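The following blocks contain the structures, represented as structure tokens.
In what comes next, chain A is part of two complexes: it sits with chain B in the first one and with chain C in the second one.
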Partner chain A sequence: MWLRFILGIALVLTLDGQASAYRAYVSNERSNTVSLIDTDAWKVVKTIKVGQRPRGIAYTKDQKYVLVACGDDDTIQMIDTGTNAVADTLPSGPDPEFFTASPDGKFLYVANENDNTVTIIDIARREQVGAVQVGVEPEGMAMSPDGKILINTSETTNMAHFIDPAKREVLASVLVDQRPRFAAFTPDGSELWVSSEVGGTVSVIDPVKRVVKDKIEFAIAGMRSDPIQPVGINITSDGKLAFIALGPANHVAVVDVKSHKVIKYLLVGQRVWHMAFTPDGKYLLAANGVSNDVSVIDVAALKVVNTVQVGELPWGIAMSDH
Partner chain B sequence: MLRGFCIAAFLLMAISAAPAANGLNVKIGYLGRADKTETISLIEMPAANDGVAGAELAIDDNNTTGKFLNQSFSLQELLLKDQDDPAAAVQKLADNGISLIVTDLPAAMLLKAADAGRQRGLFFFNAGATDDRLRQEDCRANVIHTAPSRAMLADGLAQYLVWKHWTRWLLVVGSHAPDKLFANALRRSAQRFGAQIVQEREFKDTGGARRTDSGLVQIQSQIPLFTQSAPDYDVLVAADESQVFADYMPYRTSQPRPVAGSAGLEPTTWDPAFDQWGAIQLQSRFEKKFSRWMTALDMQAWMAVRMVGEAVSHVNSDDPKAILRYTEGPDFALAAFKGRKLTVRDWDLQLRQPILLADGRTVVSVSPQQGFLHQYSELDTLGIDRPETKCKLK
Partner chain C sequence: MKRAGFFFILFVIGSALIAPVRAADTRYPDWPCVQPKVPELSTASMWDGPSIAAVGDGWQNDPKVKDLVELIAARRTPMDAAQKAIAEFITGTADEKQQKAKEVFAGVFDTLSAQRSEVMDGLERVSRKEMDLATKIEADVNNLHALEDKPNADQAKIKTLASEVEWSTRIFEDRRKTIRYVCDVPTTIEQRIFGLARAIKQTLN
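Now for the complex of A and B:
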């Protein structure tokens, strides 16, 4: 009886493990580490020492490395996902904060906050191959689903710059609200969403006309507008729901992508920054900068179901594809 | 890598040269003080370009943005001595096609400048004068204040001291007029937030140089004498804008007590040690360009020129009326590394802003403090609020 019970648990764990055990790498801006979370156990299974002030973090397309921008070391470190140790570096230019890759995974586009520059890196050759001058304090980076348009947001210039990644030049710039931090295309590429941290809004841009066609505003009952500071934006792969991290408002807004209406606010940890979906789309992980933890949101139920303690000032999350 | 940089540099030049030809060129004036005050601490002596450096950096920032909008910005600086006529300087700038002027002038000179500029439709950004009267009975409809008022500074400090339960203050006031004005602001703050001034003492300026070879020996025995036999107090609050005594107080008081106000824990809009909310980026940009640290005056001038840039990028005009309408309006917000948007109070044209509390090494806290609530904006717990205003904008 007992044995059957235990076996039963083991079987459930194994099945469950096969279904949903992904690895999430969380950059901890202050501890200079990356926490590796097992999404089956919902706990940190390894803490990897990296360079100073790690923020932007993402997998390479081949999943062999996790790239992490170490701003104060002026480099991007490559964590080998087999050994989970730093194996190499990329020449990112000064103070890299955030980056995105070309759809084929060959090139990395890096926002250099201190240099008004987007640096282009050939990942395989570990070499800088070009640079594009943008506005003051470049930050958010996004690639259109067809790979034809690269977006950079500049925090003090308050613009989303449309960049031709092939010609490496700015094609157009769209004014948004103060301190734009993050850009994301809807999966069909029909809309570009840009969050403005200080402005407190998300601008919805028509990427063809390159104009702001709508602005999403937020209101949380009993809270003044000041702490509502949108940062990370994650849109479900079916393009139906957008999750927007609201920073020191300690909430994630859930927005209906079609109508641009907020349908729910989820209470998470303090100063929520960036987020990532598990590849099956079931969960969304949100890094809470001040409370040093990661909130786990059940996407179907729209509920926070778990919290994982990580290092100090968690900033970004990279999630494995499988 | 080198090639990348060369190409980037070339592009930058090419683009910034273009808008001047056919785009909008916004000329901004800067009226500063030629006479700089002596400070007690040698490391606090203001640089020759204190203030104007902040304006120049903001011109760079505006131009980086402007190259995408076919707008360019330039700065013309004039330094005035105490006896110079500000009205003449204003006419000179206006004759050069300037209608927006950032000032770092004493209150009386600013008022002369603003009144002279009014007939010509000029608009001013007060980056230097903290006088409350400029936001009260002597407010002007053509002067926006990026400098905080003394009331804002005192409130920012008082909120923190009250939060610490350091509510018994020994107030030491200098003998010059600005010291007394700051003391007025501190008294008002004490009353507003529930602190008690257990005693006031005046520190008379008896003259003498701040730089001496053996002054330390005397000061070490003078300050304990000056501060002894006071009623029990938690913190010594010094009002010494004239730089006569406050910096001599820390570690030298008769009782072991912390010092705040014009020394020790000081309320300010900026500090070279401030690195939160992206401030590190502005600090590095500034240091790279000027090889020195950024001061509060630099920041106040930076904000003024950035306000112009922000407004121009939206109204695409350098018409002062259009710029004023935009900056006063509901769409205006300035991001200035303070963790929230800065807006303009429509009753006295004061820029709402948090107040940093710095000890010379680090930023200890940022006011408004938690728990000081307000029905409209917590930033309005700092300074003269709408119901108290004596300002009639004309």
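Now for the complex of A and C:
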């Protein structure tokens, strides 16, 4: 009886411990690996060997795979999240860098950096089903919350292209500042935010009128403007706060989404690139390419609370949803 | 020397000249690296601790701070040994700790920034030498070409000049490899400053 009681408590404690632990997969561009971080222990529990130059990384909707774009191998590898080994590949087209999925998780839209193309892949069939010609050096990819508009940014053409994913054609292109890297919709879909790495700004676009309605600029006391290079954008699920990774400025800017005003700058690691929230929204993880680590930001406290060493040149992060 | 030989040399030089002479940023025409040139580092990108503006070079007045900075800035000192030395030195009351931390960080930043500038100046110096050598090789190859085209070509002269071109090309290639390797050093120094800054800041938490 007592034994059963103790075992019962132990089981509850174990389950409770597991419940808060998510899994974050970090692509390491130079070491050709993916680091698996346990968000309970805040440490790397496994390092997975992948193809060459892994950058874009995301879970499939069913959480069975983590997809990682291996640019120098011209393929997207599928890591089985049960075995944590590469199990299959997707025909991504040349030099895949970044991708996004349709809301139902069936299709993948891939930016082919050296081919001025967005390739469309049927994930279940592992087949290319179409392609859309876009500007030079396509990079950022985002899907509107209703799944009707696909956004691609082209680094050299300096545009955000509005694509109809059903018709597979470009509907409109909006000029932004130099070298647009990343695009994100606010959760309600009312605004599209596009970061410009060289321009040093984030353009706020009205997705209905398809015009830039505001530009967010950044200034860090004691720092020249040239290292301030915005890349990753992550907006909280309540749509209140946006976090902007400022690249070699080694800071993440916290922006009030409603007013577009910067509230705070957080010193993270060197060359901060892409980020991911834990599903409970408590933490934001940021990949730091030069210091080879991941910073853990406490979202409520707006403070860096931990640092996890990963592989060389960490680029992106995929977070499990449970 | 046969014409095919010339073309081979021209090919080697042609392919060698492209990489180091190409400057990605027009502001820094002598900068030979793929990595963008960032002439100066700012403390703000490394440090969010108490302001070091008032410290200046005052950190040099305390021999203990000076010794510690020398030890932890040196690449031969492993990072965990540096972290340990920092933690052992930055102790005392909250005020004392703040003062020590500011001085140590100012020392690390000054010392390693100066080293970084030296490396970067060196890279540009070697890059300029490479460009001069490239010009010389190009002229020598043209001369060689002209000599060979003469009806009564002086074979001895051709041989000497050809051998000179070969040597210059070899030196050019060796330097190019060295440049590529040294281009990583400024980043390595930045990583060191950042890692040390983090360790110093941690003693204040």
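FYI, the second predicted complex is superposed on the first by the 304 of 322 C-alpha atoms of A that agree within 3 Å, B and C clash if a C-alpha of one lies under 4 Å from a C-alpha of the other, contacts with A are read in each partner's own complex, and residues count from 1 in each chain.
Assume a contact is a pair of C-beta atoms (placed from the backbone, for glycine too) under 8 Å apart; a residue touches a chain by one contact, two chains touch by 3 or more.
Being a predicted model, the structure only gives us computed values, none of them experimental.
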* Do chain B and chain C fit side by side on chain A after the overlay, or clash? -> clash
* Of chain B and chain C, the chain that contacts the larger number of chain A residues -> B
* To do: Could you look at A:Met159 and tell me whether it touches chain B, chain C, both or neither (first, second, both, neither)?
  => first
* Asked: Touching A:Gln128, do we find chain B (first), chain C (second), both, or neither?
  -> first
* Is A:Gln270 in contact with chain B, with chain C, with both, or with neither (first, second, both, neither)? -> second
* Based on the superposed arrangement, let me know which partner A:Gly199 touches: chain B (first), chain C (second), both, or neither? => first
* Determine, under the contact definition given at the top, whether A:Ala221 touches first (chain B), second (chain C), both, or neither. => second
* Is A:His251 in contact with chain B, with chain C, with both, or with neither (first, second, both, neither)? -> second
* Looking at the overlay, what does A:Asn116 touch: chain B (first), chain C (second), both, or neither? -> first
* Does the superposition put A:Leu175 against chain B (first), chain C (second), both, or neither? -> first
* Which holds for A:Asp73: it touches chain B only (first), chain C only (second), both, or neither? -> neither
* Asked: Once both complexes are aligned on A, which of 259-267, 277-285, 313-321 or 385-393 in chain B overlaps with chain C?
  -> 259-267
* Residues on chain A lying within both footprints (that of chain B and that of chain C) -> 224, 226-227, 248
* **Interface residues, chain C side, partner chain A - complex** => 38, 40, 42-48, 187, 190-191, 194-195, 198
* Could you pull out which chain A residues touch chain C in their complex? => 220-224, 226-227, 248-251, 267, 269-270, 290-291, 307
* Would you tell me which residues of chain B are touching chain A in their complex? => 1, 4-5, 7-8, 11-12, 15, 61, 64-65, 68-69, 278, 281, 284-285, 306, 310, 313-314, 333-335, 339-341, 377-378
* Asked: Can you list the residues on chain A that touch chain B in the complex?
  -> 91, 95, 113-114, 116-117, 119, 128-131, 133, 135-137, 154-159, 161, 170, 173, 175, 177-179, 198-200, 224, 226-227, 229, 248
